[in-house]
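The chains carry the letters A, B, C and D, assigned in the order they are written, with residues numbered from 1 in each.
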Amino acid sequence: MTASEPQAGSATKPRPAPRRTPPERAGGGATLWAGLALIGLVVLAAVVSAFWTPFDPEGVFPDSILLSPGAEHLFGTDSFGRDVFSSILRGAQISLLVGTVAVGLAAVLGVPFGIVAGMNPGRLDQFMMRGNDISLAFPALLLAIIFGAIFGAGTVTAMVALGIGTAPAFALIARSGTMQIMSREYVQAARASGKSGLFIGMRHVLPNISGMLIVQASVSFGIAVLAEAALSYLGLGTPPPTPSWGRMLQDAQGYLFIEPLLIVWPGIAIAIAVLGFNLLGDGLRDRFDPKMQVKR
Amino acid sequence: MVLVVLRRLGVFATTVIVASVVTFLMLSILPGDAARIALGVQATEADVAAQATAMGLDRPAIVRYLDWFGHVLIGEFGTSTVSRQAIGPEITDALGITVILVLTSVVLALLFAIPFGILTAVRQRKPDGAILSGISQIGVAVPGFLAGMLLVTVFAVTLRWLPAGGWVDPGNDFGGFLEHLILPAIALGSVQGAVLSRYVRSSVLEVMREDFIRTARAKGLGAGRALFRHGLRNAAVPVMTVLGLQIATLLVGAVVIERVFSIPGLGSLLLDKVALRDLPAVQGIVLVLVVFVLLLNFLVDLAFTLIDPRLRSVS
Amino acid sequence: SDGSSTNEADADTSLTVGLLATPGNLDYTTTAGAAIPQALLYNVYEGLVKLDNDGAIIPLLAESWTVSDDGLVYDFLLHEGVTFSDGSPFTAESVKFSLERVKDNWTANGPAYLDPIASIEAVSDTEARITLSKPSNSWLFNMSGPVGTMFTESGLADLATAPVGTGPYTVSSFKTGDSLVLAANADYWGEAPYMTDVTLRYFTDATAQTNALLSGDINLVAGISQFQLVDQFKSNTDFQVLEGASTGEVTLSMNNVSDAFSDVRVRQAVMYAIDRQAVMDTANSGYGLLIGSMVPPTDPWYDESLADLYPYDPDQATELLAEAGVSDLTVAFKIPNLPYAVAAAQVVKDQLAKVGITADVTALEFPAVWLDEVFSNHDYDMSLIMHSEPRDVTVFAAPTYYAGYDSPSVMAKFAEADAADPTSYIDMMKEVTTTMAEEAAANWLYLQPAISLADADLIGVPKNTPSLALDLSTIAR
Amino acid sequence: MTPSTPTLSVKDLRVGSPFNELLHGISFEIAAGERVGLIGESGSGKSLTATSVMGLLPETLMATGTINLNGIDADLLTASERRLNRLRGNTMAMVFQEPMTALNPLMRVGAQVAEIMMVHRTERGRRQARQRAVELLARVKLPNPAEAALAFPHQLSGGQRQRVMLAMALANDPQLLLCDEPTTALDVTVQAEVLKLIGDLVTDRGTALLLITHDIAVVAEVCQRVLVMYQGDIVEDGPVGRVLTAPQHPYTRKLIAASDLSSVDDRGRLHTMSMPVIATPPAAASSPRPSQADAAAAPILLPHRAAHQRLEQGGPPVIFNEVAGAGAIRVRGLSRQYRRRGGGLFAPAPIVHGLREVSFDVAEGQRFGIVGESGSGKSTLMRILCALDQPTSGAVDVLGQSIGGASERQLRDFRSQVQIVFQDPMGSLDPRMKVRDIVAEPLHHVGRAEAQARVEAQLAAVGLDADVMHRHPHQFSGGQRQRISIARALITRPRVLVADEAVSALDVSVRAQVLNLLADLVDEYQLTLVFVSHDLGVIRHLCDTVAVISDGRIVECGPTASVYDRPLHPYTRQLVSATPSMDELARRVIA
């Protein structure tokens, strides 16, 4: 009996479009703006530190080792005598860089893959999804360990590993989005107009799944910032003296009983960045979620 | 039916084989001379060359692959070039530890995430819901190892309630095992719990908008009962996907916590073996990890089938 | 401390020690690294002689020995009634068997140290005679290390996991990466050790190690590697801090045959350019000893004046560079990714920058990649690593060594010194090590301190590390 | 309770969000046993009215006024949640529109029915509740009720699920039954059965019924009294017969006129309601005629008249509407099977028959209608005719182009000759594209300026101003969107136009406009039209020939009037009787 029935939801019945409750405008909006504000803070730190920091965050100052926070050194200094505030500012660059490259790479690899799979249901899709399963089985951290051994640990290796490790998630999202879009009648109309697969992918599918992709990107960005910290902790992240929040945390560990605040600053910085991207992702999801949009 | 199961297994096997080739290829380009590492800085070139031959490093890649994978198929991971022991038991020991750690933390995470996620979803518009939701947001934003470091500082170093790290076999001393498990499991679980609670929340929110919840309420079930009787099973499906993925990434991801707590788990073993260029061991570990993840995917699929009759039926 | 042990009844005689590098296996005849000798030498394995904690050679399995006047024949009188832990007896035949085995079966831990041996003779069960081909001052010292270990043929079956020695302890379990458990050897020939159960726990992280001590999981941290962790123990009466001397010279090596450093003036410029005290203060929290040569104070030919050979003088450095016609020097500074090296390198880089030398720092994975690139292929200009082997200055001077220091006269002098009488040996060693320092073969930044942290009630914890071994036999409560 | 007390009495009900008022103070009463219809266009507030009564308004909306149940109860709007929970499903019950999603997919339907009795403790135990659930399922005429009780919702058809909903609503003998568009998701034939069932059940038990629908025919079928809603107000309230024959309010008049597909004006066009925001100029006046060259090239058509044939059960396959010579479309022995995705983890992917052994012709210039219930294979056939899908077996020629196995290159010319219009006016327009780009999409190798000019002309032809070109689809109403779809389909001057349920998603009021437009354009461009619909009325209005398709087969085909008046196949007869004309309805109601 099930065989003769259209799949749930796909039936084309004469039926007024279901109306949903409108989005929690206030809630979703506040989340979005809070996220943007936090990210703005991080971006501001990254940009400002490109031109100016109170002290050189990469030098060594034997005369000012482990000073407590004060008027001159807002957050104190570390074991190299570096101004922690300057390092935190400059560290934003690495976090943003790692996030951007990792997410960018993941999107560049995963999205076309997912779209092609989603546009070609059947054997090709099955085949590509098995491939995706395999790459899912190599999580970012595993890749980072292996790549670190092959190419040497460092920012680039970490970014590439994170990017490749995140790509399957993008592929999955892109694929399921594509499959939804492919069942839309405007795609059928485009095909009936003789448009090529490439055109349909670029003009119809990509723009229409971009909402989901942006949400995914935002969430992945937060994950990448956390992952960079974890990699730094394992010694697979950004090498010194370039300041990185993750490594600052790791360095601070040894001074926990001498200068506990050293662990607080990078901890807060990481939390702000991750929180910012997560909130942005939540806010965007509310905004893009088709189910939460009022029709007409 | 049998045929379908066979086909599924066939696909699974092919995936494993491809994964093994990927693993082998990736690791075969590792720089560093395993023979030199084993013998150290004082060894002569001749000794190093002899050692390389003994390790079988001079054979062509394809021969090494077939030799390795052939043995893996019959359950032999080979002999570690470093410990000179069979690799299998080393991996199983470490895997056992990591699996216990990960599963405990996931259970803790679920114990936290399910009530917390539901609460924040149900009380979405209330101030307490917003505050709780904010707490979980911050929980997500804290690196796990930082949580671990703080737990050690407070509960092991300052209060001396619990050990700062290490691992005790449950078979030897169950009490000691629990003592050693609790902090790392909380460290790993707290962040996962925060992440999961986000998913539970959004999944519950999604379900609460479903028509059948409205139907249930029209039957006279209160909002809470409608959610519990009809919503949760439906909400479980997307959460399970995330859970599967989380467990998969945690098998390696736990390495950070293993480091903080000096636990000899699989991730730590991997890092050690990579550092020592113990290739057979590294290959074995990576393959085990990969197969484990593939298997996990398979199990998640299976669980879906159990939960969701739509995937089960077809007469 | 309390609650450290799971078994209160014999808490007194059980000890848990936290260590950093884990042994991959237990066979130091074919596996390099300090971790295996640290755990097993003097504890499970014994040789004819050992080094005491002050670096003096004292009898062990040999009750006493005599040396012929020409310095070629050593007659050892062995203890009676000694057995290996598998029950087989230790006799002069064991000495012959063990030492003859080295040449063909040892690949790691310096089989060449026994090269001076010409023949070994079991005169009686308790008398062994070793004849050298030429006199050697370093030979007996080396016999106190791993190569001097006594084995029994029946105990060779599983060197990697089940060592069989004559020592006060036997291995009762070993889990690589986690722990090595030693139990007192009930049939030990000598004085039984105080600690009957010793667990060596291996950490990958120094903080985890000290946390374990603070929380009472372990009783002793032998050889802390991150010195910022030390201060918190100084003010804590539950613990004692033991500061001693190690044999680890933290060395800023310069590739003597590279374009950058083949000119001695450039190397000397680097010597002046670096404020070693500042490096030590920053990277080592001030712990350590400025040495100026590759000789620790535990060696008889230690010369403390060498520490002042190159005072911090950036002007002098700039001058020397100008003299050598070098400007805008950029060097490939390839360091191992070890915490102390990464920390010290940052200071070095900063100071070099002040005299116009740009150091491109790359942290290479250690051991794998560093050994390959720097040690084996000499593909580097500058590196930074601790040389922890005792008396390794001779090795360092070899022209084939990674430093590329090539001075035939120095090598000749070393050979001459080794064969000379003990007093001139010391003088000649002083002379030649001074030459190496003057020629700036490398910049020996400082001697890593040997700092151990222990429960306050522990006594007899070895302070210094003159050898690779961690001698547990003296520890008591 | 005195006999005069109404079961439901709503007074001055206002519902609004913080931003605007959606219901502007409506009042009505329903007496015990009375069956009342609530009609009105989409968005007029019908559902809000019902959900207010149930106390299930979305949290974001606020209601004021009074709602009384049985007179004795206090105002439901201010009642506590506990009290409402006691009433819901017990004293008052509701059936929702969407049977696909209104049942919990993970729970057996029997248990879902039993639950409502457990909640209100109207049965003593689980066993009894289960037993009664089976009885209820039998009462709503589910075949094999005991077995059906053990089924999961996805194992039931839409009509069956809706019966389950009904069984649930009736379980505790409610005094008030609210049905919100209970049949819109169902096939016409099933719809009729469900409606009859509702009618019978409430009559038997004297339940007060509020039946919401946008379909006047449905009301006429079931109700005694009708309320008409328009933009948040009740504009008319009276006995069905009077409202149908003598509507008072102008909106009601227009609604009834537009619903009647059998009454046409002197141009043969349907009566439409007031024009939407953007004025529609008469198509003939401003639209460019097809170029003379095209017209000349088109062959002079001999009018083709189809034979009226039916498929006998177990009989030989029939070639329907056979055209001598080269027709526009020629289909022989067409079958299409689908392998459904997934299946279970351990179950093979099931095979679904979309079409089985279909053979027919369409002559050039013919207006060929295809009618059939959901899942019968109509869309599959359309997709194959447009070369969007490949037949599993059989031969399909459209305009001389063979579809089976043709490559995209070979189809290039074909693509501009055959165009398609889809059902969902939103889904068939890419929300991210501007109207200009949407309409220009089928044009290939055409310069910007020319494309612009052609788009402008085409928009004018479908009655849209040129300034809509820079807007996005969401800025249009459903009817306007469908015009845009039609403009896109016609911009390449196709010879064949395929329309798949092109008006099914539109409000009655807009439906007539679009049908008129299509009729105009087909005339004007001399198109061969293949028009798919589940609604016989629409087909009758637009097409000269109709094929009835059921379960992947054409069961009957012939001239529209002939099929209507003398249906041969039992299935067709069922279909015809389920779609009465307005006159007939009025007659029935009054009788």
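What we mean here is this: a contact is a pair of C-beta atoms (placed from the backbone, for glycine too) under 8 Å apart; a residue touches a chain by one contact, two chains touch by 3 or more.
Bear in mind that the values here come from a model prediction, so they are computed numbers and not experimental data.
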Selected interface, A-D versus A-C, where C-beta contact pairs are more numerous: A-D
Label of the chain whose CA centroid is most distant from the centroid of chain D: C
CA centroid of chain B to CA centroid of chain D, Å: 50
Gap in Å, rounded to a whole number, between the CA centres of chain D and chain A: 43
Whole-Å separation of chain centres (CA-atom averages), chain B against chain C: 39
Shared-contact residues (touching 2 or more other chains) in chain C: 207, 365, 368-369
Set of chain A residues in contact with two or more other chains: 1-3, 8, 18, 21, 149, 253, 256
Touching two or more other chains - residues of chain D: 59, 98, 101, 105, 154-155, 350
Touching pairs - complete list by chain label: A-B, A-C, A-D, B-C, B-D
Chain A-facing residues of chain D, complex: 17, 42, 47, 58-60, 97-98, 100-101, 105, 154-158, 181, 184-185, 214, 340-341, 350-352, 374-375, 379, 383, 386-388, 408, 411-412, 415-416, 418-420, 422-424, 426-433, 438, 441-442, 444, 474, 477, 485, 488-489, 492, 500-501, 504-505, 534-535, 551
Contacting residues of chain A [partner chain D, same complex]: 1-9, 11-19, 21-22, 121, 184-186, 188-196, 203-204, 207-208, 295-296
Complex contact set, residues of chain D against chain B: 54, 56, 59, 81-82, 85-90, 93-94, 96, 98, 101-107, 115-116, 119-120, 152, 154-155, 165, 168, 342-348, 350
Chain B contact footprint on chain C (complex, rising order): 2-3, 6, 22, 24-25, 27, 30-33, 107-110, 112, 160-161, 175-178, 201-205, 207-209, 211-212, 214-217, 365-369, 371-372, 375-376, 395
In the complex, chain B residues that touch chain D: 1, 3-5, 8, 125, 210-212, 214-223, 229-230, 233-234, 301-302, 304-305, 307-314
